[in-house]
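Okay, got some structures for you below.
One chain, subunit A, links the two complexes that follow: it is found with subunit B in the first and with subunit C in the second.
So, the complex of A and B:
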């Protein structure tokens, strides 16, 4: 396999920028038929953008993609022979398997679809993959593993050259995973090229032949997997050790502020967490590990069983009660769950603390001091806006995030849970937010940070818990931080590890 | 420019007022203005209710026939007891019962506002016709008839009632926690929940409020028309929604105000009255009204939504 002379797809100096922000720059690599290429990197390294350019969903800003030496210009559908199975499945649950497989290319004339032909195609595809699925079954009645197979069958109708699989195993059981790998082997033997995106190192070594490592949109390494061990690959992904860039954190107290015992739900099991006053606890893990779900459940936004104690006292898990006890949760998804986009910055800032401003006397009936408080927050947090009456939609991502932070600081919380506090913000705003968090800890607040940005957690936390598939699988103290260990623990496919607490 | 952004409908209302004054000598007369105001009290009160629902991101299609049902029930109670106060309370209570029904179904059972209030609209219409046997309720107390013609400080009493409602709603929306929470829920219900707002309760409350406005409007319609009429609200729904939208309150929620709705009602009132004075037939007026709603909505999105100070 290794001496195949001609690549099926060549990527040359590929770059992509959104507005002025470059997400991927100057990628150059080859994809060979009959081989699997691993595209690896941390969350946000640019893997998805690269995938989307390859399958034609995004147009590159510069550089080119050559398919059998022909440059790809404008792609409609997957006519260039590259197709992807995305991490979020794109199936129609209420349609049958055969309808889903042939949806983008239904046989027959426009007005009269040849359903028997469609079913035959579907049957052939499924048989080829060697899995038993009834083409007439509704997709929503299938398990996650079979849905994944349907998705692959659908992609294979178009992918006669390259099939991209993006985190294909996250929702699969061990047996389904093995079946999938067998299918991949079969496809490779048939001369198809595979691009495999995964966080799981074991899988990459099981499936792939070569690799490309992305970090912050740059291609930082490439080669044959046979020539490099797992640790070296992980070091390429993580890059510089952040030890020298760490901030000096004040020592935390030994007074527990938040104590979570046995929190469980459909998304996570048996979560035990304690944070002391003045301490910053990080929760690391991959997307889908259940970190956001845990944070939301603690704040009372999701049903769960288990016990939450605040300063030693039992706290009922509903938002109002949690807020009254000094807890706050700064959401990961500020556009969906956080901001009131068509309302002014002032109202966004006071949204969680409006009761503090209520003035019930007839003179000045309404809200007293709301404006002044908003102006104070804007000044303190260095939020760049001309006026507090501007709609929050006018602000940049970093400033919007500061508004979210400001809203919760106005409630004078003792315990703060941050979910991806610096997602999608620029370096300057990131610095301001980190400084604000460190100050809060110094002032005796207890803090939990959920983040997919490992360097960020290394930089700003006292202690780190690692979550994988709904469980806490390990805990590290700041002095023992080892990014490679943490990553491999978060991404390990094994159910138990020696590091686990 | 700021005024135009807050009240995009102001341009249209001025243009119409000036235009009709030039075209018809009667338009600006005291008698005509009085008639115009009195005739629109019912619509204004109901439109206040609809505005609050819109601001919370919902819609209340039942408000028109809730007006009818509360008018009929109130008329029956007044005919039986002779008590105007009891009649007023009945109207308010009937409106709030329908509002509570909408509020429970939408707020706590998460049904869609459009379908739910459409069903309530049918029920309320049925109640109005069943209870009245389909004809105007007789036996309206004389005070109600007199009240319909009373004029205080040159303004019809009915209009003053409507304006008091408007002022109370303005204060509630701008200066109470409830008003603020309505705006936040309308802007982003999920974010409101994450900020500790009890979204189901706020949703319930706006439909309750809207029902109450329907009840008051129903009561006022008796004074305005002389009798409780079972079909009084049937034709009002599109006028009410039209007025709210023309004023510049969008259906997406979190954008607009009760103040804007006053202007929207004003536009439709002036337009109908002016076109009548000019002798334009009813159906031609409908076409003009429709076009004006296009223009009004366009202006609201063009100038109203984005504040760039």
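So, the complex of A and C:
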């Protein structure tokens, strides 16, 4: 490291905007052969966009990427020797290992594939990576770890300069993860540059040499990992907001509204939760930690074992019974699971409470009652629409989310579970939604918020539970909130290692 | 033990299941009828299955890409009509064959282009072209019955070295289909696209071109099937090809090709078509009412889909259990 090595890829003032919204701006960093660069940042910081520009899936809006000092407008993976292994693998389950590895570069003529050559290539690639996999096995019969190796073998066929790994360990066991790290070391020793994207700080320190920190699309730090400790790195990621003004929350009561004991399923284990009336409980964690699954299981949308009590009384976990007991769940995926996009706002608002508007003796729906209620909610929630008969698809994300919330408020719930309540909404709507949630708590409702947006949870919760790999691994009271501690707890690999062993 | 072994093979190689079912059904029929186990009866069955088998080979590729083509019966009819008409006006076999096959291939390709252009479900797209193609052909021929020259009958009823010509054509198309599926990029890409279109795009496969080529290939073999059918029937009739898409698609599904795409075999589809003819054969031997046939065919298809679904669920459960034990260890 005494003489300055030449970077294999350099990024200069790189920016990307979608429509008019800038997602990343002015990134400048170098990637060196034989080294691993960590790309770190919170959810939504711009890591994926950066990755996609580096591997050629996206074209930068401005700035340049230099491959061995030659500026390129758009990366062409095969030509420039850059390849990415995405978090969601791009494999074909019903094809064999060797077909998968060589699919984009099949040997022989188009009308006469040389299968023995393809199989030999696959065998060589797999052997080089030091893992035993039958090239003739169907990929869908392999475990997650081996599938990851196949994907890497496939990527390496034309990645002779840079290999980008995006969250490569999320579905791996502890042993598989160690094997992967050994492979990365080997590739580095062979002169390949690695770009490593991970939430797990331990992994970053294990694998990488240098780092770039992104926050809200800005590059807020870079350097060598040897020069910073984990806490400093995490503070760079989280930045701001640690002491942001929080909303004033009223003190919660001590009356338990919802009590969950020993809830378990394939996705989570032994979940215990209690929320008091007037209390807002946050559930923090990384994507894939099982938070949504827990919320859906409580509401009865997923099978699970364990007990749920509402106001001290046992409640069967099915949606009808839960709604009857005043519980509601506002989904994270409002477009596919929540709203009827091509139906009017009025119908969307009344959908969960429609029985209230049905009159007896077959006189049909009381449309007047339904309309009046819808108009009330629209005014209450400050939903910006010209008319309640407009389709929900015409609304902005924030207003759509308000419709979701309004629908459930029409059922007069006592307990509300919100999953990512402000995902994809603008700042103004976010403020309105937060205010509405705080008001609900003040009115004595019990509230659970599942969110990947940590500042949001710091902002509007009384208490926070942290989930990791299907378990609750810690709990914080509002006065002890420490975003760095919470993040490192959510992302720590330590306990999961002992679980897997 | 033997049963379990057979079941294992059948779950890995889906076409083995339909082959075993065909053998069992054949065994039953040979007990019921003394003429069943004769060479001439075998030949008759294969000849009867030839048209749907040939079409099923093309359909296999389409279903492999998770698509479907409802219009194959109409393409079959267009082919027959065009050939008959051309023979009358030009009396040139070469010209008539050439134009007919090119037209059938183009109609298939047009299906493919519409499917990728409009990104509407192939079901609706080809339902529309079904109506357009058949309507155009009826308009063209004025819904007349048009006879074809006697020599044409060779293609349908002739023999070479004692083997009926339709069987030879079926064998040739089967070999072609197996080759294309296993030894060409087109075949591998078709399976890959059907398995995961997202992965195919991320891997930079030419999804659009492959889709068009697959539908064109299906049109091509349907053109061949149309000529065989025309030769067997002896002339154009307005009922040609009506309802045949059901038999063709059923043969492919019975043969073990997954409707959701990604896995399937050519040989399975051919055996599936033969199986359906055997069922007709059996009903015929039992002197069943002609109205029963459709009920039985439909029920068989439903049963095949149910069995496939059941085994897929079990397979996934077994795989999950295996993974879970891996993670636990």
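Here is the rule we use: the second predicted complex is superposed on the first by the 474 of 501 C-alpha atoms of A that agree within 3 Å, B and C clash if a C-alpha of one lies under 4 Å from a C-alpha of the other, contacts with A are read in each partner's own complex, and residues count from 1 in each chain.
By our rule, contacts are C-beta pairs under 8 Å (C-beta built on N, C-alpha and C of every residue); 3 or more make two chains touch, one makes a residue touch a chain.
On a predicted model such as this, the values are computed, not experimentally measured, just so you know.
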Classify the contacts of A:86 with the two partner chains as first (subunit B alone), second (subunit C alone), both, or neither.
second
Where does A:342 make contact in the superposed view: on subunit B (first), on subunit C (second), on both, or on neither?
first
In the overlay, answer first, second, both or neither for which of subunit B and subunit C A:103 touches.
second
Under the stated touch criterion, which partner chain does A:351 make contact with: subunit B (first), subunit C (second), both, or neither?
first
Which holds for A:387: it touches subunit B only (first), subunit C only (second), both, or neither?
first
Interface with subunit C, subunit A side, in the complex: residues 57, 78, 86, 89-95, 99, 103-104, 106, 110-113, 115, 140-141, 143-144, 173, 500
If you look only at subunit B, which of its residues touch subunit A in the complex?
171, 174-177, 180-181, 183-184, 187-188, 190-198, 252, 254-255, 305-309
So in the complex, the part of subunit A that touches subunit B is made up of which residues?
301, 319-320, 323, 329, 331, 336-344, 347, 351-352, 354-355, 358, 365-367, 386-387, 389-391, 394, 407
Residues of subunit C defined as touching subunit A within the complex
183-186, 188-189, 191-192, 194-196, 198-200, 202-205, 258, 262-263, 319, 322-323, 326-327
